[in-house]
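The chains carry the letters A, B, C, D and E, assigned in the order they are written, with residues numbered from 1 in each.
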Amino acid sequence: MTSRPPLANCGLSAGKKARLHRILYKHGLGNGTALFLPYDQGLEHGPRDFFADPTAADPRYIVRLAIEGGFNGIAIQIGLAEKFSWDFAGEVPLILKLNGKTDIPADYRALSPLHASVEDAVRLGADAVGYTLYVGSPAQDADFAQFRTVRQDAHRFGMPLIVWAYPRGEAVEHKGGKDTFYAVHYAARVASELGADVVKVNFPHPEKNTGVPDAYRAKFSSQDAIDQVVQAANRTMVLVSGGSLASDEAMIEKAEESMSAGATGLIFGRNVWQRDHDESLRFVDRLREILAKYPTP
Amino acid sequence: MTSRPPLANCGLSAGKKARLHRILYKHGLGNGTALFLPYDQGLEHGPRDFFADPTAADPRYIVRLAIEGGFNGIAIQIGLAEKFSWDFAGEVPLILKLNGKTDIPADYRALSPLHASVEDAVRLGADAVGYTLYVGSPAQDADFAQFRTVRQDAHRFGMPLIVWAYPRGEAVEHKGGKDTFYAVHYAARVASELGADVVKVNFPHPEKNTGVPDAYRAKFSSQDAIDQVVQAANRTMVLVSGGSLASDEAMIEKAEESMSAGATGLIFGRNVWQRDHDESLRFVDRLREILAKYPTP
Amino acid sequence: MTSRPPLANCGLSAGKKARLHRILYKHGLGNGTALFLPYDQGLEHGPRDFFADPTAADPRYIVRLAIEGGFNGIAIQIGLAEKFSWDFAGEVPLILKLNGKTDIPADYRALSPLHASVEDAVRLGADAVGYTLYVGSPAQDADFAQFRTVRQDAHRFGMPLIVWAYPRGEAVEHKGGKDTFYAVHYAARVASELGADVVKVNFPHPEKNTGVPDAYRAKFSSQDAIDQVVQAANRTMVLVSGGSLASDEAMIEKAEESMSAGATGLIFGRNVWQRDHDESLRFVDRLREILAKYPTP
Amino acid sequence: MTSRPPLANCGLSAGKKARLHRILYKHGLGNGTALFLPYDQGLEHGPRDFFADPTAADPRYIVRLAIEGGFNGIAIQIGLAEKFSWDFAGEVPLILKLNGKTDIPADYRALSPLHASVEDAVRLGADAVGYTLYVGSPAQDADFAQFRTVRQDAHRFGMPLIVWAYPRGEAVEHKGGKDTFYAVHYAARVASELGADVVKVNFPHPEKNTGVPDAYRAKFSSQDAIDQVVQAANRTMVLVSGGSLASDEAMIEKAEESMSAGATGLIFGRNVWQRDHDESLRFVDRLREILAKYPTP
Amino acid sequence: MTSRPPLANCGLSAGKKARLHRILYKHGLGNGTALFLPYDQGLEHGPRDFFADPTAADPRYIVRLAIEGGFNGIAIQIGLAEKFSWDFAGEVPLILKLNGKTDIPADYRALSPLHASVEDAVRLGADAVGYTLYVGSPAQDADFAQFRTVRQDAHRFGMPLIVWAYPRGEAVEHKGGKDTFYAVHYAARVASELGADVVKVNFPHPEKNTGVPDAYRAKFSSQDAIDQVVQAANRTMVLVSGGSLASDEAMIEKAEESMSAGATGLIFGRNVWQRDHDESLRFVDRLREILAKYPTP
């Protein structure tokens, strides 16, 4: 069913394999799947994202949630990592997000600037780094050039590289928008072609097909679409993202389809912490039940 | 008939000669010709190119095809090279493609950003590097500057440099488009003037002459055109590309004309793997029959 | 009559003096004058320039012509230098052209991007480097910045720096065009002010004075004009260019006026090789007769 | 019988695997064994080694011998590589020896200084580098420090690292000399512990046991000894050296024992070329017969 | 008779070939031979060497002698090059000597420290650099390491590298001294193995054989000895040195034997300028007569 390759077949160096083994087998369910907690929304959208549950504005609360919820890692920006990672060092893996931007300017020529280095991640004891690549943006020249330095440093330091592969920019909008099967499928492949060890994608919407290339006009089920996304990524492991807060049932269904398609795991932020503490953990439990069904030996 | 220079007369350093000798005489037919399998379409066009034969989405399938088909090399991007080249290391030469882009934004000011270095290629044991130069693009300043660093590194490491010389951009469109004899002829020469060891061109269409400079308005046969393209490249070896999937007979005829003109080889991707496995190998056999007729001692 | 300064009075470092001495006294007539063969048209205009005499597409033919014709140097781009300069190393001085562009995009904001370095020239045993400066182009900030790195490297390595000083761009067009006395006069001075050791100019046309500043509306003979151009350049030696193929008599007359004005030499490309071999050498003989009349001790 | 690991199980990076695959499967017998021709004696002992067959003073003769004899590689110093490797580039793999010394000063504190870099090897298209480590020398601090830079560069460039592991220096002499089982056994392990991909050892002499540590005083057959040497090296492949010219039968017997023990190959210099051309090839044929019996799939 | 390879067969890069072509074909007899004037004795022995002819203390006098005598180059240290090379720039090739020492301390562990760089030589317009390698010195570790940087820079800049290969140090003294056939033979080979383009040796004395290795105890004529020295150097060109002032007839005879053996030229300093001006030129004429008999096409 699942086409997920075991870690030993992913073409990884010793250092990357060691760190991913820690994430996938020494944390969370320890069965080769992953559940990540991203917490970069304070930069990407601003602190208004914390209005839903003001305690979520405090990184210590998020860290506690990650530990209680049995997450395999927490993804944060350098500022929070510098000030808070000491507290939970070794208890839950740190994924240092290396770039990011505010959403104040428009996204026509989206580019996410680097504000931290792989060496920062090594220094802080992180087990992976994250990079946002805006696939299809007219600024792809600058993005690819910037990404090259990150990939080369990640190789040099044996640090797993997780790419947030986001279709973005005016050309993407003209071709159906960022959530189409076309856009997500292409984004997953681009991350893989450029050297991601893990790629984070949003769940594709094959039913949105206005403006997409002809090949994507056919009828695809959502399971078909996510299957192909995972296959396009091949030896690059796939994480499926929750995106903005949605109905739990919809989320759970997508999670199930993703894991069934061979994704390695899920990365859910706002869906988790934009509710009260106990609700959060209950939702996390449902996600863990799904992951438990898809172990990789 | 053929004006192809032997390797010893191509003005190559010891390292470049060693690596090209390996490609041309230790793989494929071993007669100084080359058949390359390019597999960068997942980045350049997106994974929709694999819909024709979904097994082609898997790099392992392509590598197997390259080995079974007796190819002289496989051209891939850094991400796939990092994760898959170990598997076939030494069995079929790796050509690391150093730049590339998605086709999502428009091509008015086309530029293909670097996402890997010649040193990456050395580290992976590649036998050549590939660079896409968009000849005639308004972004030629940035392109030439970027290319200079690649050429200098390729010299420093004795690594053969294959230039995908593609006429592109709004000015090219105004002067007849990217397939004219004018555009292809000029592109081959530019690659040679800037320091390519090998140049990949699309087959020229002398019959398309609307908008081209007067000198190209005369009647040229397609053999005349490819002859002149090879001569313009001089000591830079020429590879002729298959382009998008076309009729086999048309492809075979162009292949024959190219080799007769003194081209060193062919680089066929979609025409090979956008069909089923056995069909692919049958088509490859026909290409190899042509190459067998044009040995260089 | 002539205002040409001897080499010892040109403010040159030991390395620049050694290399210019070689060019001016160990090659050609050996009398302190120079006749250069430029062969960068394959890049600047494309290979259609070779349709007049197809043998001229082959760099070996051009090198042979330079040796037979007793030229003081041959100016080529890096690609041809890498592949062909070994063949004639030391027999005729190499002038490595460091920048260049295609003529496919329009020239409104002309800029000639660097594709080689002074260190490349040193490595190849060149005796000078060439740089095209588009005087008056709106892109002059990028041009001057790029030129500064070349000038500094040329100083560091003792390498003579020849500037192709070409008025170009939309502002030049609005002020009379690139061939006016105004434009050529200004270009020669700019090269001298920015650090050229030698400047290559096109012959000025004082009769073209529509749009030029008032000071250039007066009646100037062509001898007056070229005299002033050479004086404006001062200790920067002047080479006068043949430009596109013109009548022999017109060329010879301009050559005579140039040398009489104190130019150090001539740089003739298409006028030489866009005709058959014996015709080329006959025309060169006429140029050499002129140079012989203007020795510098 | 043999404990030789296949290439895929040697813990190699893609680049090292690609280059070793070429050496072991694209040259010589192509069965995973190797026969190397070392030609550094002109530096190590001086040109008097060529008095036995003066034609051997000419590197071109040695290269021809390597090609005719079907060797898997030729090991030479940088000076000969610079001047001769172009001639045979790609026909027989180049192993660039990075250090070496004359035998004029005494060996009490032996150290072999670096005179070339891994980058030189990359540039020349070499498929491996060689480093002489004088195991047990009082100068081992300088030696290890020097070796570290080589190992790191070899990793950086994916270049296989062959260590000539030679027990040497006054302390070795006091403990039984350089040929004892003790010394060779220890040397093989040191190379493996410090990061050699391949180790070249001299055949151990367990019967020489004066002065060796007690553990080596027991009775060991020569097969026992070489078995243990190969096991000590583990995933580091072993080459056994011929040393100075000895009787053919003795050499053949040692070669047989070495391959039976799991060595990957043989490295024979003076035993090959210190005789006349046809004798050399006849001796090589006998070595190849042995290698043919020990393929690694 | 002569085994001297033509320049095109010496394995040289374009830059090295260009500069050596200039030295060998554009200066002196222009027939591929060379006569060099070394003038580093003021550093190596001190100014007492000028007592024989006090005018020789003035570098301008030596330069004039080099020009009048038709030398192919003058070898000086950086200080004199900085202050005097401008005067003769381009008239006679400059060979910049990069290392040197005083003879005040004893030579037991001889090492000649670098005091200038290849880049200095490029800047001054030199056509070659010189390096003294003390073959067999106990300081060979430091010497080889130092030499490596020079060789790599010489490669990088295309600058011919002339090695003064001098057997020296206590071990050499114990094995017969610096003038034996053994020592000179070995020194020539070491220079060649380490990457010299040209090697300067003293004439070997096969009759001095006390203490030399057995192989050198046989009877060798002086012609045999110099023949073998030239063969040992192979594609590294050989210059034979005059050494300290000796009888003209002895010098002439050695010069003749050297050229007959295939040496490329002679390097005579004290024998030339430790006599009065006209005598110097008369002696030079006799040397030129010999060189004239051994052209290389």
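Rule of thumb we're sticking to: contacts are C-beta pairs under 8 Å (C-beta built on N, C-alpha and C of every residue); 3 or more make two chains touch, one makes a residue touch a chain.
All figures in this text were calculated on a predicted structure; none of them were measured in a lab.
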Query - Partner chains that subunit A and subunit D have in common - result: B
Report task. Would you mind checking which chain's C-alpha centre is most distant from the centre of subunit D? Result -> C
Query - Turning angle required so that subunit A lies on subunit C, C-alpha fit (0 to 180°, nearest 5) - result: 140
Query raised in the report: Quick one: which chain's Cα centre is the longest way from subunit A's?
Result: E
Query - Intercentroid distance (Cα basis), subunit D paired with subunit C, Å - result: 56
Query - Rounded Å distance between subunit D and subunit E, as computed from the means of their C-alpha atoms - result: 35
Query raised in the report: Which whole number of Å gives the spacing of the CA centres of subunit B and subunit E?
Result: 49
Requested in this report: Mark out which residues of subunit D touch at least two other chains, giving numbers and ranges.
Outcome: 13, 82, 86
Query raised in the report: Considering the complex alone, what residue numbers of subunit D touch subunit E?
Result: 40, 42-43, 46-48, 50-51, 54, 57-59, 77-80, 82-84, 86-87, 99-102, 104-106, 111, 113-117, 120, 142
Requested in this report: Flag every residue of subunit B that touches subunit D in the complex, lowest number first.
Outcome: 13-22, 25-26, 81-82, 85-86, 89-91, 94, 119, 122-125, 156-158
Query raised in the report: Can you list the residues on subunit B that touch subunit C in the complex?
Result: 10-11, 135-138, 140-145, 147-148, 151-152, 155, 167, 169, 171-172, 175, 182, 185-186, 188-196, 213, 215-216, 228, 231-232, 234-236
